[in-house]
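Before anything else, here is the set of structures, which you'll find just below.
Next come two complexes, and both contain subunit A; in the first it sits with subunit B, in the second with subunit C.
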Partner chain A sequence: MADVDVLDLTVLDRWLRLFAASVAEQKDTLTALDAAIGDADHGANMHRGMTAVVEALDATPPADPAALFKQTGMVLVRSVGGASGPLYGTFFLRMAPATGGAGALEPETFAKALRAGVEGVVARGKAEPGDKTMLDALAPALDALDAALAAGESLAAALRQASTAADEGRDATTPLVARKGRASYLGERSADHQDPGATSAALLVGAAAAAVAGP
Partner chain B sequence: MTVGIVVVSHSRALADAAVGLAGEMVRDGGPVEVAAGLDDGGFGTDAVAIADALARAEQGDGVVVLMDLGSAVLSAELALELLDDAAAERVVLCPAPLVEGLVVAAVSAAGGAPAAEVAAEAADALEAKTTHLAPPGTGPGPAPEAATGDEERGVFTVRTAHGVHARPAARLVGALRGLDADVRLRNLTLDGPEVSAASMSKVATLGALEGHEVAVRARGAEAGEAVRRLLAVADDDFGEAPEATAAAAPSPPAAAPAGGPLPASPGIGVGPVRAVRAVPVDVPPARPGTPAEQRARLDGARAAVRDDLRAVRDRAAREIGEAEAAVFDAQLLLLDDPDVLTDATARTDAGADAARAWADVLDEVEARFAGAADEYLRARARDVRDVRDRVLRALGGVEHPGAGGEGILVADDLTPADAAALDPARTPAVVLAGSSPTAHAAILLRARGVPAVVGAGAALITRARQAAVVAVDGTTGEVVVDPDPATLAAFRDRAGALERRREAARRRAHEPAVTRDGTRVLVGANVGGPGDARAAVGADLAGLVRTEFCFLDRHRAPDVDEQETAYRAIAEAMGGRVTLRTLDVGGDKPLDYLPLPPEPNPFLGVRGIRLALARPRLLADQLEAIVRVAHDHPVDVMFPMVATVDELVAARRALDDAVGAVGRGRPPDLRVGIMVEIPATALKAAAFAPLVDFLSIGTNDLTQYALAAERGNDAVAALGDALDPGVLALVAATADGARSGDDVLVAVCGELAGDEQAAALLVGLGVRELSVAPTAVAAVKQAVRDVDLASARELAAAALRCPDAEAVRGLLR
Partner chain C sequence: MKKLLNDPADLVAESLRGVERAHPELRVDHEQRILYRADAPVRGKVGLLSGGGSGHEPAHAGFIGPGMLDAVCAGEVFTSPVPDQMAEATKQIDGGAGVLHLVWNYTGDVMNFDMAAELAAAETDTTVEAVVMNDDVAVEDSLFTAGRRGTGAAIAVEKIVGAAAEQGRGLSELADLARRVNDASRSMGMALTSCTVPAKGSPTFDLPDDEIEIGIGIHGEPGRRRVPLASAHDIAGMLVDPILADRDFTGGEGVLVFVNGMGATPALELYLMYNEVAALLDKAGVVPVRTLVGPYVTSLDMAGCSVSITRLDDELLRLWDAPVATSALRWGM
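== the complex of A and B ==
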């Protein structure tokens, strides 16, 4: 299989399943990170949510990308439980209308939809870059993606760079003091811990890169 | 204006408890919906569930949302996006702290405030607490100057028992709503700051207690009307009257009966007199000590009384059932009433002796009851007195006359607590001037096997108090003061005959109860715990296991394993069939983990099977535990308070699900039945019969529902006589209806079943199982052995033609 250059239903379905698989694999890590500065449920919550997302994909295969994002968002809202439910839920729900009803997404459309999703996360969580949240992985990833696409890079290459940026953003959360969410209650004590939300967000971007990459 | 409220929390238990707490403040509030926890019972919030709750709570006037933290806020915001714009616009997300905000919002909404005002009130909810905890001198400054215009003034004195707390504050604010006036209040007694009368939480910061003077100042076009209305609601005690405390007070004594002494508990007692007069316990001499020491003494005494009352309560629950035991809950509430304690602490802080402070506070409470316009409330004064006296005794007052001493107890009346506490071995009989055979005290005396005559009248009691010896026949109602030797001998003969009969009954306790003509009647025991099961010597089965014992006095529901262990213990202790009644509670006795909205009439509200079907998880767990036990022991499952066939069908479906969940197939000896307590159910017995193995008539509730006379209200308890021909007709209807089923057993598990004299009547009406107090099993079996079915049927037919219970009782003698 060669690199793909548009994101059709097959690719998007693969993205979500790959994300579900990495969450499952990293469940304990996510929970351990959250145990340090939160309520030790991020891994379990995201795993429950993504398992439900995959079940929904199996049970009711969506008709187009918009339907896929909407269904995914609603399932996450219903099943995650913690703050990542409305945050990831909003992310996918806001992606849906940004697809413009297309049957397959051009890279630019996909990037635009991701941008709409991240704006939804910002509106929902009122977080800013540097607050030690999932935004610290997503924002640099989007910037990298846009820059790479503008420079004429392939979709696969652009998402690889986005993934790298997300990982760097994630790593950069470690020294930060949390200003949002349960971790903010810890104040200075939240420093020296990697943010679990940024960690799962980096997995999401990584899964997108993997979904479009060749074997 | 009905603003709905939605509570969003990570925890279902937290949300339910907060709603329960708010429900304490409001009797007839608007809808309060909960969206909390995840479907699997875990912590979390769900925007879709919140959107659903918003839709349910919306009555057209908007919804206010209270949230706990984190994702609750995010999910609530997202839920608004899931609604259409018009619906979302009517929703206000309120930043108030969940518990404080919900309480204020519930009261404010019940007062008819619009959504924005409810939310604003709730958002200010912390103010009362903040002000309270602020160091002196840092309270809120004066309120901003009122609008211009002519100023109207007034002053009122607070007369409500607990001051202007939330409920009166809501009344006050509600009275001013809609008026074009800016109204300010100031507590003159405390010389406090002026606050706005438009804000419930501000009014609560007045700290206006009973006796405080409050100044009113109003400006605006309708200032005069505002002051007039405000003074009027104050004059009306904010609609509180004394019933605010009445809810925490126990039942009244009986009205003085007409018609002479009445038998109230069978048996014969002869002996010296132990007179008990209803005189107040003297306040014990003051003991020196600091306020802290006085407070500690009072706390210690209250703790001792609390233990006593709990023990009495548990005994009452075991012996006569939860409904009757509730009277002691009310006394326990009074013992720990925060307003009473605040008052007492204020007195000890001012240097009063602990006993004096307690006596004075309770005397005031009692006086308020005694001065009530309502006779029922007036009658409750003596129960307040009972709590007062118990604590004083514990503080060194005179010896408790109810429990100690030996001899025939002669008194004006007996509190249920005293009846439950007295020692049957040292009390040959009880004679009361007042009370009735259906009063709590009489029920307890019967359950405890103490012969009793009630309604003896003041003259007889006065003579009895001065007598050396009194002879009492609790079966006939005879009381003879200072009997002559011949009478004494006759009583002793009767007592001897009775004792021989009881002895014979005890010897044959383990034999089946068979009528003279060979009809087998099962005699079971009503069981409230494993101890009862062991006490039920000779019982053919446990005809009623009140499973409430598993659920009370705890903070979370028992899980399946725990219930299984408890039911198994009873089944093993009984050694025979056990009839496990599923949880039978209602709004009169909500459990911590089962908060129920307050109901104006909980006995006609969500209780028994209605509650179980509304809380399917609770029922599912209980049925699963029952099914597990049913694989090893013969078990009946019995559903309480069934009114319709649909309810029974739903309950049976839940049982089928439990059988499935246990996964070992249907236990072969698992039988299913219902309680017949509702008159309509008795009359529809034929519709139920094909779906059950047995119908068990709970005559206590059936009687109170059929005669519309609440058992807990001694003022009407005498009406609630199970021998009323109307009640007997319902028993007959149940037995008739049962024939449309396949071999459906008709049982009676109420008080009436334990009345030896009623055994023939019940058998004649078609009853084939009697479930009675454990101590009554042997005697009832013996009574069945005297029954001849043909004559019993004639007796039943005659009883059904009687005009009243008295005539029926005449047939039985």
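== the complex of A and C ==
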């Protein structure tokens, strides 16, 4: 199957399922990263949440992208708890209105919706870049996506570059001292550990790149 | 991992079944994981709601009852409950005088309670106020972090505000009182061992036999620093000194001293610690007039303790002494 150039319900559904699969596969890694600087539950919580998201997609297939994002956000807020629930939940809830009710999203609309989602995360969590949070993977990914789309790259190429930027952002959290979340209680001791939230966020961007590259 | 379990995934649900059977004075909504005092909502009384992750037992359900909380929401182990739970509990305990959320200061709890207050405001006409409790002096540079954690002092806040709520005081007065007790309190904790989250199955961090963690929270997270194992006498100093350095505890009616067990430390050792803590306070001219010694805010099977001190004035002392009838604290009734 060829790369896709718009994100319809099939592609977005695939994105979420691929993210759920990566979280399931990386569950123990996410938890181990969280054990080092947090409370050892990020893998279990995200796995519970994304399993519920997939169950909801099966039980009540959404009518359009906005409904898909809203349903996903609500399910995450309901099922995850901790800090990840409100943050990932808010991310998807804020994406919904930014789709403008379209049945399939042009790349620029998708990028705009992602940005609205990340702005929601910032509003909810009050984090800034460099605080050693999921934002450190998401913010560079958005910038890379916008830049690639503006340069006329295909959706697939742009999301690949976004995924690379997210991975680099995730890796760059390792030396940082955490200033938000539970890891911040450790002060200097939080350095030399990769941030679990940035790690799951990089999986989210990676899943989007994989979803448009076809199965 | 060696624990009393069937399936780790069912731990919280099955434990709540046990709470319900053991405590008919509570009403348990298993679907939403909310525990209520059976007679909630109490007409004309401000409803008090708290909650948080599981793994801190008897916090939080052990503090539901006349003279303390009206309901708590239970999350997964060490994971904040979700906004739907809190919004539902808020509706159910509103006796017409509003609802006060007593929130332990952790990123997840604060965000979920925020979202719950938004939901409750959108769906009902219940007036909600929230007070965030943050007493842990181990968190330095609190302006550049998630702020000081809510730990042992929450028990003083919930008990004292619970008593004032029974007197029929209004929502904003209770919120002010909660802030006042929080401001009058400081805590510091330490771990002899890590703890094992059942879903993970192994200790959260490795702590060699000859080392301890100072400045821990209540989720098995490592502390501020790791030091060689010391005598109880020296450990008491490591906990009490930063508390006394952070606030003046002299004057008033004296202080409430709370030596809390983290879950796996026997009462025998906790009373020995209280002896050391009290000696240090004597030396500093701080006068304990009320004490609480035991495992009340635990971190699963962690060994260790925390010390919380609350400065009491005449009013706070009277409210602490007022009747309370919960499964974990009970006197005067």
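Simple rule for what comes next: the second predicted complex is superposed on the first by the 213 of 215 C-alpha atoms of A that agree within 3 Å, B and C clash if a C-alpha of one lies under 4 Å from a C-alpha of the other, contacts with A are read in each partner's own complex, and residues count from 1 in each chain.
The rule is short, and it goes like this: a residue touches a chain if its C-beta (ideal position, glycine included) is under 8 Å from a C-beta of that chain, and two chains touch if they have at least 3 such contacts.
This one's a predicted model, so the numbers in the text were calculated from it and none came from an experiment.
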- Task: Return the chain, subunit B or subunit C, that is in touch with more residues of subunit A.
- Result: C
- Message: Under the stated touch criterion, which partner chain does A:G187 make contact with: subunit B (first), subunit C (second), both, or neither?
- Response: second
- Between subunit B (first) and subunit C (second), which does A:G49 come into contact with in this model arrangement: first, second, both, or neither? neither
- Query: Thinking of the overlay built on chain A, is A:G197 touched by subunit B (first), by subunit C (second), by both, or by neither?
  - Reply: neither
- Item | Partner chain(s) touched by A:V80 [first = subunit B, second = subunit C, both, neither] | both
- What is the contact status of A:G169 with respect to subunit B (first) and subunit C (second): first, second, both, or neither? neither
- In the superposed arrangement, which partner chain does A:P107 touch: subunit B (first), subunit C (second), both, or neither? neither
- Item | Residues of subunit A contacting subunit B in one complex and subunit C in the other | 41, 45, 77-87, 124-125, 181-182
- Query: Along subunit A, where are the residues that touch subunit C in the complex?
  - Reply: 31, 35-41, 44-45, 48, 77-87, 124-125, 178-182, 184-187, 189
- Where on subunit A does subunit B make contact in their complex? 41, 45, 74, 77-87, 89-90, 93, 124-125, 181-182
- Which residues of subunit B touch subunit A in their complex? 10, 38, 42-49, 69-71, 74-75, 77-78, 81
- Task: Under the touch definition given earlier, write down the residues of subunit C that touch subunit A in their complex.
- Result: 53, 75-84, 106-108, 111-112, 114-115, 138-141, 144-146, 149, 197, 199-200, 204-205, 217, 219-222, 224-225
